[in-house]
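Input: one structure, supplied below.
Note that the chains are named A, B, C, D, E, F, G and H in the order they appear, and that numbering of residues resets to 1 at the start of each chain.
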Amino acid sequence: MDAGDIRALLHAVANGETDVDTAFLMLKQQPFAELGYAKPDLHRSLRQGAAEVIYGAGKSAEQIVGIANALLEGGQKTVLVTRVDAEKARIIAEKLSFLYHEPGHIGRIGAEPEISAPGSIVVATGGTSDLPVAEEAAFTAETLGCRVVRLYDVGVSGLHRLLAHLGVIQSARVIIAIAGMEGALASVIGGLADCPVIAVPTSVGYGASFSGLSALLSMLNSCASGVSVVNIDNGFGAAYQASMIAHISQK
Amino acid sequence: MDAGDIRALLHAVANGETDVDTAFLMLKQQPFAELGYAKPDLHRSLRQGAAEVIYGAGKSAEQIVGIANALLEGGQKTVLVTRVDAEKARIIAEKLSFLYHEPGHIGRIGAEPEISAPGSIVVATGGTSDLPVAEEAAFTAETLGCRVVRLYDVGVSGLHRLLAHLGVIQSARVIIAIAGMEGALASVIGGLADCPVIAVPTSVGYGASFSGLSALLSMLNSCASGVSVVNIDNGFGAAYQASMIAHISQK
Amino acid sequence: MDAGDIRALLHAVANGETDVDTAFLMLKQQPFAELGYAKPDLHRSLRQGAAEVIYGAGKSAEQIVGIANALLEGGQKTVLVTRVDAEKARIIAEKLSFLYHEPGHIGRIGAEPEISAPGSIVVATGGTSDLPVAEEAAFTAETLGCRVVRLYDVGVSGLHRLLAHLGVIQSARVIIAIAGMEGALASVIGGLADCPVIAVPTSVGYGASFSGLSALLSMLNSCASGVSVVNIDNGFGAAYQASMIAHISQK
Amino acid sequence: MDAGDIRALLHAVANGETDVDTAFLMLKQQPFAELGYAKPDLHRSLRQGAAEVIYGAGKSAEQIVGIANALLEGGQKTVLVTRVDAEKARIIAEKLSFLYHEPGHIGRIGAEPEISAPGSIVVATGGTSDLPVAEEAAFTAETLGCRVVRLYDVGVSGLHRLLAHLGVIQSARVIIAIAGMEGALASVIGGLADCPVIAVPTSVGYGASFSGLSALLSMLNSCASGVSVVNIDNGFGAAYQASMIAHISQK
Amino acid sequence: MDAGDIRALLHAVANGETDVDTAFLMLKQQPFAELGYAKPDLHRSLRQGAAEVIYGAGKSAEQIVGIANALLEGGQKTVLVTRVDAEKARIIAEKLSFLYHEPGHIGRIGAEPEISAPGSIVVATGGTSDLPVAEEAAFTAETLGCRVVRLYDVGVSGLHRLLAHLGVIQSARVIIAIAGMEGALASVIGGLADCPVIAVPTSVGYGASFSGLSALLSMLNSCASGVSVVNIDNGFGAAYQASMIAHISQK
Amino acid sequence: MDAGDIRALLHAVANGETDVDTAFLMLKQQPFAELGYAKPDLHRSLRQGAAEVIYGAGKSAEQIVGIANALLEGGQKTVLVTRVDAEKARIIAEKLSFLYHEPGHIGRIGAEPEISAPGSIVVATGGTSDLPVAEEAAFTAETLGCRVVRLYDVGVSGLHRLLAHLGVIQSARVIIAIAGMEGALASVIGGLADCPVIAVPTSVGYGASFSGLSALLSMLNSCASGVSVVNIDNGFGAAYQASMIAHISQK
Amino acid sequence: MDAGDIRALLHAVANGETDVDTAFLMLKQQPFAELGYAKPDLHRSLRQGAAEVIYGAGKSAEQIVGIANALLEGGQKTVLVTRVDAEKARIIAEKLSFLYHEPGHIGRIGAEPEISAPGSIVVATGGTSDLPVAEEAAFTAETLGCRVVRLYDVGVSGLHRLLAHLGVIQSARVIIAIAGMEGALASVIGGLADCPVIAVPTSVGYGASFSGLSALLSMLNSCASGVSVVNIDNGFGAAYQASMIAHISQK
Amino acid sequence: MDAGDIRALLHAVANGETDVDTAFLMLKQQPFAELGYAKPDLHRSLRQGAAEVIYGAGKSAEQIVGIANALLEGGQKTVLVTRVDAEKARIIAEKLSFLYHEPGHIGRIGAEPEISAPGSIVVATGGTSDLPVAEEAAFTAETLGCRVVRLYDVGVSGLHRLLAHLGVIQSARVIIAIAGMEGALASVIGGLADCPVIAVPTSVGYGASFSGLSALLSMLNSCASGVSVVNIDNGFGAAYQASMIAHISQK
């Protein structure tokens, strides 16, 4: 409810179209559902340009179904559910029409999204082991209406694999650079691309990778400009922001 | 030199317009200057959509002047110089026309930039002490052709100061959220805005802020979607990416 | 045994009411039971205003029963047992009348507590996954004689869910703010409330949350005054101090 | 502006006592001053029960004077200024009536506070070097209207020094336990007292004290219930919360 | 494809021996296979003097077989596979002739390597528990054509065990020093040897060894010159570089 | 083989009592057994005053038996084996006469030790959960010939439990202070005792105890003089040094 | 005041030799001086076998003089003052007879100590830069009545320098092993000696030594038994405990 | 003194050529000088193939001169002195013929070295600010008899600058890759080169570079094989090992 809405409401009160109690209720009314264990946000698509997403980790399949139903009843067309394992996915699919994408441990309920953003988002990974994070990102971006180009296993120790796809990199609208270990991929892509690069450190590695810390620090210190970073293994978050950026010219 | 360029060059060789040695040279030729102590990149504006920037920390005023001259001679119109203290700025200004912006320890050489991106970038800070980082960001964004709205001292301990500017936040094209201490500003703005938010942790704080680590971790773990993060105190990096995003619809 | 007690005892010795050996024994006598594996404190409710609590982690069900019996025999009316899993709870319940509250992995033996503190303690959480810590806190506070208002899933990424309950926050006597990830909830509540806020970081999160470290640092650096912090996931500790504060005006 | 205020305002609009534009302005109007470099909060004493405080670190003497004037003009009677060195204090004192308390690098402008809380707050330190943090806490508590008992150099390596003051500890309303190095003071006092203990780790120490980290972790892991912790060296924060607690029975 | 190749190709285009499209293809063609989930490097032995190695962790047995087949078809004679457990090894062995060396969780496919480097590489360990890392190193070095001398359980707490083998140490071409806990072996060997020492910290230890961090820091701070370090538990990496060094005089 | 031995040997060579080859062998001969996987030290009791100990973690029962046999054959009377779980203990007991002490996951092979040190070693713990570390320490000290007094669950949050045993503390020859969480026990005992205190941090705790790091730092920063520290959970190491100290007057 | 004292006092009260008030006072009376800024312990030499020591860091020269006077008046013969720079030493020397030992930034007031412990303490260092810590240790031990043998610059990268002094090491009563960087000295000496070794990590080093952290972890993980550790740069603490051990047989 | 030497000496004793006392002395004699504050190693060039080097940090100019003189008198021809600032260099130059190389804060005393290793060592840096570390490395390698090729400012954000020198990289004998910030240079060069790469992280950077930690972790986790790492800013150490490797074929 912004300034314009408030002013309009007050005019309605002033000229008697709306009575005081109704206006008070409207000013106070909250756009969320109250499930006890959760308060799903029914108006996020209005406020943020993308609908509410369910983070599945630490929620039971029943809770996920409950929140999804509240959102669908609230008018949301497509509900994305992240961090869902195959067993939970099976239970959800018994209650709701659920498209589960196992490689990214992610799925969606409801209508098939349509491509709504121009250009494409490139999802690049350093190695084969980064694939689950990459698929979380790719599926998220597709659900949010973006075209996605996958560019996997192009780590910097074999630079020619990356350079062979220079055209893809230089024509992207946004790039999501995903890598574990030393995380150098983000800097190298950042130096080659002329679009925003969102870096995702992964927990792939061992020893002094400290579960992704090495890649995270590496990416934060990237000597290439135009690179920002999200949390370790946060493919969803990178894709969410990438989609925001990809849709920006539509405003 | 992309695939199209290579193909064109080969045709030229094939039909005798270009001789073999010239073609070889063109394939090998590097778009950077060799100063011994540095190799400034002369074609970055072609490759990355924004010209080469000089990171002033750890360089002498003389080296900065040398690199700037190489870039100007290479055809770059405006040269941004970051992390320059007042004394270095004075020496640079003796050799080159240098517009120094002391609050952000930053300056530029050459032509005044024109606004080239639609909408505006909001630069918000949690407190007064974050101002130097914010001014580095704001001046960078302006130099890169963006309109900037400054929204300082809107930290979450006095939420009404932020809510009073909800209109500014909800009409931004990109937001740069700058905060030290607990860095909660990024999450709160991330939850209110419908545009990409780039978070900049600052080293403002003491004790368990560990020189910005607390704010950095906080921002990486933001529960709001659409938030990405750059290095501690890296106002320049946030603004560089913000400018890339702001210009995106122009492509 | 305080100064008054010592003086009284000495007078009794001086006028022959108490003989030397008895007095010596009384000066030396310790108010704890000796179980070999533990030394439960029998006089804590006298010394600290709240009775001895059993920390169940790392103790066998048999040890818990043994300590509880020692306390009950020592005159304690209600014994709180924290960090007990369902299996241990089952065994304890076979030996003693044990009210187990599974959501908080906590239970109590003995008499039902009565409300002994004025006002109420608000237990607020950032998300659904913080619920076990919140229930540990809520059950502890109730066992210690406090009224509790639960306010769950009011994280700062959807600020309106929190603002909708502003009245609850502003009428609380003490607030326990529980959050993982970036832990911003404590600062935001701290800025809105006019009562002490005890912040509990939780280990909810992944990647750079480092098992609660991110939330912990965030809360310690809170820009809001009036916020203090307990250990990660320490719902019990927060509630124990909150109860002390809530009872303070009764003194 | 709470629910009651909104309802009253809407009635006034409905019956024509207030016109729409005025009401809109009142709904939007923010209780803070806009100084450009800062937005001091004019209504904090209403909202939080204690007036706005100026954190002096990273602010110039001029900025401090500016903010203080805004607060005094806004009706605040006493303004506390923390983290001020002697030189800044001298400049402030030229412009405003400033009572500077050098041991705590703290001062206040305006009216002398009156004792408004019952009982007393005990400020205890482990060693002589913790004195600056202790004096910041003591002066803050006194400015907020509390009686303070200072108990310095009672570290646990000479337990009899602490036990000699058992009476003081057991009659306190709130205790602030301040210690560097291993920070054991908080646990020992926590085990002896029957009131809330707020622990302040200090950066006193060397080597593996890691600038207060050791004491901080120690205090967070206190085996005594009823202990909460604030940031390293944050004497002000501990006293602010202690004052809130001390005033609680007056509500 | 180096400068000479490019020049030759251009001459071929210039004199009509090669047409433009073929040349373009050759310039673009990449020496890697595209398996979708991986892009194995077919020319690494040309570029780096040692063939492509398969890092088995996080890959299925089927993926390992797929990559191995691609490499064998690409002309590679021996394929080393690291970090393979016994079960995966069994599956691989059903499809390909696989020599599995269980103590090092490592194996190779294809032709038996011949000794191609002069002298020998000494693999020394501090204790018995470092054996798996040592065997990974030893088997790798042997597969790459080196002679290996094993010197196990010569940790510094019983210095005479190490000094008894001084001859072995002083006649080595390269030494791989493997140790967990305090990692002092690297410094002591570094001070006794006159050849390069590559130190491998292991995750052997407990408590303040922090999974190898203690040994890693120790080795990086070695007061002996001539010591460099690889990642924790990275026996393969140490052996790969040791083999490079051992072969150096053959160039 | 010390200076005296060398001189004697050379005299024997000089006067023909010993031939050159025998002398050379004697100079080279190593006092350890070579088992391939291990090199047990046969002369440690000569060199260090206490016989070789087998660290059982990461060794198979068969390896432990093999090493024990080598030591027994080498003349060692009693062999201590640490960090052995019940299953390994069962296998060892089938081959050798093995006294297993389950609470400390420790056992010994061979002759019963006799008390060889004057006075007694006090083993004190903060809580019940520290018992396994304490029993490792107590059994080690007993095996090395010391009298042990156990003082468990005397943590500082109930100081009277510790003060009740002041006599035990003040009459000890050495004290081993074992505690997790905040580790304050070491400082408090250090301040009360007039003998050396060896502190053992344990991994008991949760959250910000970071698996013993909190207790470790606490103990290293102890404000009490006369306290030194061993690795987290290293009951054996503390007892080994305590035994060295306890035997010192016998030299 | 121990059990015997209490019993005697009570008998005196019972038979009228002592009146109640006097007895009460004696039970309450504290053996420390109250200076306001400090509470020096007057009976430590009784309770701990060594007199009170003044830690000079963070105290003014005036405070040091004040505390020293209180101790001298309380009957202490020699007062050790640690961490005193040359300037403070000069001021102290104007007021009191102060023997300042600059290499260790340490000094003593009062009577020359006499050798009171049998045997000698060896103070060994890894390098020349560890000298200040070593001299703090050596001077402390000498002040406490021990003979000291200095063995400097015997780091493990040149093992023969250490082995050349094997006799010194094997005849020591206690060894203090001081080293920075990788701290391997403690393990090597621990393996050679048959007496307790107290390890002191120093902040000597750079980069990944992290101000002594590397040496600290190394020493805590020592594979040699019989090694314990004190805080980084804590030469005093090591010597204090070493002196306790050296005096032990005198009891 | 190896096995052959011992045997020869014993024969000499046996046949009377050498008397017992002389032999004893020879067995005991140490190849180091005793300066009190240091024990310079006179035989390192025999034992390690490179002469003793003086680490200048933390030593006075006088001490450096003293150690250098001992080494020169011991027969060493060239003495390298690292980490010397300009002022110390000036004092040393007054006493000895000292060639100071200011960019690397390094110098040498004595004879000019001759090129003794085949091929060349490439010293590459990511940026201009890494120059001091690079010059320490380059000067060290030159002093040890190696040819050095400097390749500065070839960081991965402008990959073409590195690729333009592919020939230099692919013809190197050893490469020293020096970089701060994200340290990606090591991985990229590691993937392009077929010789050993020694990576040197530098403390260049700010914020989350944590004084070189980010680059260090990055390099340890390099996905390229054949890369090992030395301490942060340790140009000397990298060059010392590089020289060992470069000289290897000469053996």
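Points to keep in mind about this one:
In the analysis below, a residue touches a chain if its C-beta (ideal position, glycine included) is under 8 Å from a C-beta of that chain, and two chains touch if they have at least 3 such contacts.
All figures in this text were calculated on a predicted structure; none of them were measured in a lab.
Taking the definition of touch as given, a chain qualifies here only if it contacts chain A and chain E alike; those chains are B, H. Steps from chain C to chain H, minimised over paths through touching chains, total 2. By the document's definition of touch, common neighbours of chain F and chain G comprise C, D, E, H. Using mean Cα coordinates as chain centres, the one most removed from chain B is F.
Centroid distances from chain E, each centroid being the mean of CA atoms, peak for D. Between chain C and chain F the centroid-to-centroid distance comes to 39 Å (mean Cα coordinates, whole Å).
The geometric centre of chain A is 25 Å away from that of chain B, both derived from CA atoms. We define each chain's centre as the mean of its Cα atoms; on that basis chain A and chain F are separated by 55 Å.
Counting partners per residue, chain H has 3, 28, 158, 191-192, 207-209, 213, 216, 220-221, 225, 231-232 as the residues that reach two or more other chains. Pairwise, the chains that touch each other are A-B, A-C, A-D, A-E, A-H, B-C, B-D, B-E, B-H, C-D, C-F, C-G, D-F, D-G, E-F, E-G, E-H, F-G, F-H, G-H.
On the chain D side of its complex with chain G, the touching residues are 128-129, 131, 152-154, 158, 160-161, 164, 204, 206-209. Residues of chain A touching chain B in their complex: 2-3, 47-50, 53, 119, 166-167, 170, 173, 191-196, 198, 216, 220-221, 225-232, 236-238, 240-241, 244-245, 248-251. Note for the complex: chain F touches chain D at residues 126-127, 155-159, 181-184, 187-188, 190-192, 205, 207-210, 213-215, 217-225.
Across the complex, chain F meets chain H through its residues 3, 6-7, 10-11, 13-14, 16, 19-20, 23-24, 27-28. Put simply, chain H touches chain G in their complex at residues 28, 30-32, 36-39, 41, 44, 57-59, 63, 201, 203, 211-213, 216, 231-234.
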